[in-house]
Amino acid sequence: MGTMTIKVAINGYGTIGKRVADAVDAQDDMEIVGVTKTRPAFGCDLAVRKGYPIYCTFDDESRIKAFADAGYTCHGGLSDLLKVADIVVDCSPGKVGASNKATYVEAGVKWIFQGGEKHEMTGNSYTSSANHVQNLNVQGTRVVSCNTTGLSRTLVPLYEHCGELSVECTMIRRAADPGDSSKGPINAIKPVLKVPSHHGPDVMTVKPEIKINSMAVAVPTTIMHVHVITATLPEGHGLTTESILEMWASHPRLIIMNGAETGITTTAEVMEFSRDIGRKWGDLHEIFVWEDGVKLEGNTLYYFQAIHQESDVIPENVDAIRALMGVEEDWRVSVNKTDSAISKYNNL
Amino acid sequence: MGTMTIKVAINGYGTIGKRVADAVDAQDDMEIVGVTKTRPAFGCDLAVRKGYPIYCTFDDESRIKAFADAGYTCHGGLSDLLKVADIVVDCSPGKVGASNKATYVEAGVKWIFQGGEKHEMTGNSYTSSANHVQNLNVQGTRVVSCNTTGLSRTLVPLYEHCGELSVECTMIRRAADPGDSSKGPINAIKPVLKVPSHHGPDVMTVKPEIKINSMAVAVPTTIMHVHVITATLPEGHGLTTESILEMWASHPRLIIMNGAETGITTTAEVMEFSRDIGRKWGDLHEIFVWEDGVKLEGNTLYYFQAIHQESDVIPENVDAIRALMGVEEDWRVSVNKTDSAISKYNNL
Amino acid sequence: MGTMTIKVAINGYGTIGKRVADAVDAQDDMEIVGVTKTRPAFGCDLAVRKGYPIYCTFDDESRIKAFADAGYTCHGGLSDLLKVADIVVDCSPGKVGASNKATYVEAGVKWIFQGGEKHEMTGNSYTSSANHVQNLNVQGTRVVSCNTTGLSRTLVPLYEHCGELSVECTMIRRAADPGDSSKGPINAIKPVLKVPSHHGPDVMTVKPEIKINSMAVAVPTTIMHVHVITATLPEGHGLTTESILEMWASHPRLIIMNGAETGITTTAEVMEFSRDIGRKWGDLHEIFVWEDGVKLEGNTLYYFQAIHQESDVIPENVDAIRALMGVEEDWRVSVNKTDSAISKYNNL
Amino acid sequence: MGTMTIKVAINGYGTIGKRVADAVDAQDDMEIVGVTKTRPAFGCDLAVRKGYPIYCTFDDESRIKAFADAGYTCHGGLSDLLKVADIVVDCSPGKVGASNKATYVEAGVKWIFQGGEKHEMTGNSYTSSANHVQNLNVQGTRVVSCNTTGLSRTLVPLYEHCGELSVECTMIRRAADPGDSSKGPINAIKPVLKVPSHHGPDVMTVKPEIKINSMAVAVPTTIMHVHVITATLPEGHGLTTESILEMWASHPRLIIMNGAETGITTTAEVMEFSRDIGRKWGDLHEIFVWEDGVKLEGNTLYYFQAIHQESDVIPENVDAIRALMGVEEDWRVSVNKTDSAISKYNNL
């Protein structure tokens, strides 16, 4: 690529798309060549303020014209956008990926899907710390879901030390997004009756050697998921609670804090902390682990981690772009570059 | 005891006490000889309506007199009540048991504490299906907590079939009682950072052979707890998902329903079901298991169960009275007698 | 009617229908001749337990047969039920009333709709204390909504004393029913942007002389609505805060309690109180007014009242039956008869 | 003051203090000379990152030393800070103001308290649009509460047009702050039984001519308050719904949006909007009015407004500094200067 910047298209400028766009825009080796919207709506104002060219999700003249009618400059349909892009990050709602993939193949661009799509659709999956190298120069991949990304962050370093790992995870999920006022429950716990759930085993798409099952419940909160994890380490693991905490503290995109000492004892205080340190949207790209909630008893490790659903995958998308474009082979170098650039758009 | 009825005192006529009193009152082999209140308050009206003699929690003349001043007939202090009782069910708030125990010993009555007290305080613990026989004719015992009772209901029959059992349980707890408006969180998940939690291992006070650990979170709901359970069965267990469901269906105080077929997919609908079938206070003495949330994969059993915090232990207290008084050796006979009598005070 | 009992059909045996059925069943001058369900489902078990004959909502042979296939005795379609009824209480979901009305007219039965239907559809509306006499012997009427019923309970006696009344009401509504786990918001306040709302003015369908406007918001709770009311009394009203409280205390179906003295300071404690006094389903037919939240300043009266959405209209339906059948001209006599009979099915 | 910058001290660097500090820091005519903390805690890290000198809330050597022990540079006690300040913004928790006031008087600095203190304590109260001129060059004042500030924003321009105004307001309050996980209720509505409440009449401390009463309830949400307002305009007011909307649209710090058109129909979407436009902490300094929830019927105006509790008063503090220091007589000029500077620290 030389000193050329990577030309990135965002297909779907919504909750995930707007965050990926800003994270990409902050990097010095890539640029946003356009974002798509299905119709002229509030997101267009954001794109205008940021200076991102607007395209229509559809190659449909009347739909494209609707943008002009609403006062926005629309540069064309998705096909027009793909012509000026090296790679497209698909941030459209889940389950529409299959038809999009054919479009991307035809346009000759690389592509990245999100965790709402199935692994089988792309044949590749990605998290920065698990399998960056395997994704080098591939045509397309899938950045795994918020939950899988979160599990990778703490389990991959454990696995790499131990050589084997058997995990049970209970996922306590927020039932609705913070800006979604229509979904409940208001006062109930909702078990996900399909057991084991699909969430945990998805980790095996990025690190097949980790044995993992999960169960899930949805609860009346809008801010973060919490994972309750029990991991069985192999005999002779040589670890202690303290050495595991050190391992995690030196791993990127993990925050380890002591609940009793900081007063950060629930996801409410975690989110307040994120606002306090000036994060745009109040996002927390890192996985939050309570230091005093980690305990190794014999071969069994118990811990809690909190996941910010709409943001932990954002920097992973940036790294995945570098993997697919083959511009950086070392995942840690990419992660440092990504996070350093992102930190500049925060408020502090 | 011949045809004599067992004379039962309730020390603490609050959330648990009022329920135990009515359950005892419904039995033909026992009667309520009195209930205590610390001061004249709303609960006194309930006692009057039910015809339960009121006593003061304290042997203090001025406190006793306060009841008369408020228009209630108070028959004396706790000591006076114990003189006319064979057994006292202590339903006072947690952690005051130790001092009460000395009073009961001195009065020469048998006693039952609730799960808020520690096993060590009584030396015995009780659930109907786990260890009724071991509690026969003992001087005092502790009916275990709502969570331990719930775990016993499903794990004891499994253990009795398998001979060994290793269990991990995540407890998703309601953060406040339905009539408690002061506690939060309103929008957060709160992990119980002490890991593993004390809840699961408490099962071993009634069935020491079951190996169990637990972790817990509190969530913004007021109606039921949910347990997410992973149980490892021994090789050669000979069970299937279906045979486990049959085993549970034939076990007392378990309700097995299919969420997809009935529409009962969260704790909200479980509680509505309980009101619909006419239960007093909307209580559900049974543990609710979603049939379609049970899955045996190899030796690992996954399931969810919902626990009605303030009511699952109520019939257990009645059975415990029979154990301590030595009037019924067979736990299943006692359970049937208890539940049959209770069913008469429900609305349908 | 002589000593004949009134034959009552319930069309729609759901949240409201099951409650009306039991309230009717408790009266000695009326009987349930059948209840309808659209299909064999959980409600059928309830009907069987109560001994209510089951009919199908539709006159459709295959739908009727589905009940038998599911093991229930179905006595026919709606038309068959109407042949054996004097009056039908329509408890079907809102907005299907219009088509049902034609069916009732054709069958020659009297009919009662619920507040989900518009006043215009029946031409009559009903609450026991506002206009029982105007509903005597009419062919059909509408028992007004939970909110309108609640407003009538406190405003009608005020109006009758003052001769005129101008009212502003803010309704803080529960956003979902207790057994509904799908609706939100989990963490938001939702204003009803149509202002003024239709809720308050609906009072004028039963007492046209009361001038009233309302605004509404939905909030994340599942148990009760709260009305915040400001009423302007005419000059020379001669009332005091105390005399208004006395007026209300002597009015049927109002509960006046002091929050500070009883600890009943929110709707959570109100509902707990209702369970404590043994109400079936935990229902509170009465409107709850906080004594210490009532204040008359000059001509302006401020107060709060709490409304139990699914139950305050239940006894009103029973009274409306007597009005339409012309068996009791005095609303207070009917109310006393209704409530006395209902009290017997409660648990205390 | 010439070209000198105003030296501002922040006493209490918590939820309000940290926001006021950043807003002051963004202005070119003022600077932060120090912020106080009671003890070394998380807020100190924030201050260090921002470059604000840290002082101890107390003039106590051992407390001051504790900061150094924790690795922070502490420049002394409150007295030391006041020596280098022209004016102090007191952001300490409510009800400690009285003792602080004496300290400020003694130190010879000007002072600003927050709405948690009583008007009587300072003798002056302030909102930018209501009474900036009356606060010019006074020694101390009180920036009124979030609710009073919100009411002023919409009522003062109405009053100024109409000459008189009579208002009833129902306040639906968030029961806990977003970072507070201990307070409830989880599932209830809590009326503030003292009626009328103190909230509305507090408007009269800044604009005595507006007649206003209020009632309040707390509900289970953590994000915004909503006001439900009924205002009676005088005869001959000459206004229409549209002209009122225009009046508000041209008033500073009001956002008027159409719920149906934007999909912003609850406080959840309002807060999401605020994050989307890049506001630090997700704050919304403006009062949000739903265009389609405003309706003038005759002389009665109905509307809803949403209040971001911890942020609407922030820019008012900046304006109040200018008033007290006598550097800007025109409130609109100050408001524009304040808001323009603040907009630069937001993310877009």
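The chains carry the letters A, B, C and D, assigned in the order they are written, with residues numbered from 1 in each.
In this section, contacts are C-beta pairs under 8 Å (C-beta built on N, C-alpha and C of every residue); 3 or more make two chains touch, one makes a residue touch a chain.
The structure presented is a predicted model; accordingly, all values stated were derived computationally and were not measured.
**Q** Is the number of contacting C-beta pairs greater for A-C or for C-D?
**A** Counting C-beta pairs in contact, C-D comes out ahead.
**Q** With chain centres defined as mean CA positions, report which chain is farthest from chain C.
**A** Relative to chain C, the chain with the farthest C-alpha centre is A.
**Q** CA centre of chain A versus CA centre of chain D: separation in Å?
**A** The computed centroid separation for chain A versus chain D comes out at 36 Å.
**Q** Centroid from C-alpha atoms only, then distance chain A to chain C, rounded to Å. What do you get?
**A** That gives a centre separation of 50 Å.
**Q** Measuring centre to centre with CA averages, how many angstrom lie between chain C and chain D?
**A** Chain centres of chain C and chain D, defined by C-alpha means, are spaced 44 Å apart.
**Q** If you look at chain A, which of its residues touch at least two other chains?
**A** Answer for chain A, listing residues that touch two or more other chains: 178, 180-181, 185-188, 190, 220-222, 265-266, 268-269.
**Q** Could you please specify the touching residues of chain C with respect to chain D in the complex?
**A** 168, 170, 172, 174, 185, 187-191, 193, 195-196, 213, 215, 217, 219-226, 228, 230, 259-260, 265-269, 290, 292-295, 297, 300, 302-304, 306
**Q** For chain B, which residues are in contact with chain C within the complex?
**A** Contact set of chain B toward chain C: 18, 42, 46, 49-50, 178-181, 186-187, 222, 262-263, 265-266, 268-269, 271-273, 275-278, 280-282, 345-348.
**Q** Per the contact definition, I'd like the list of chain A residues that touch chain C in the complex.
**A** By the definition above, chain A touches chain C via 175-176, 178, 180-188, 190, 220-222.
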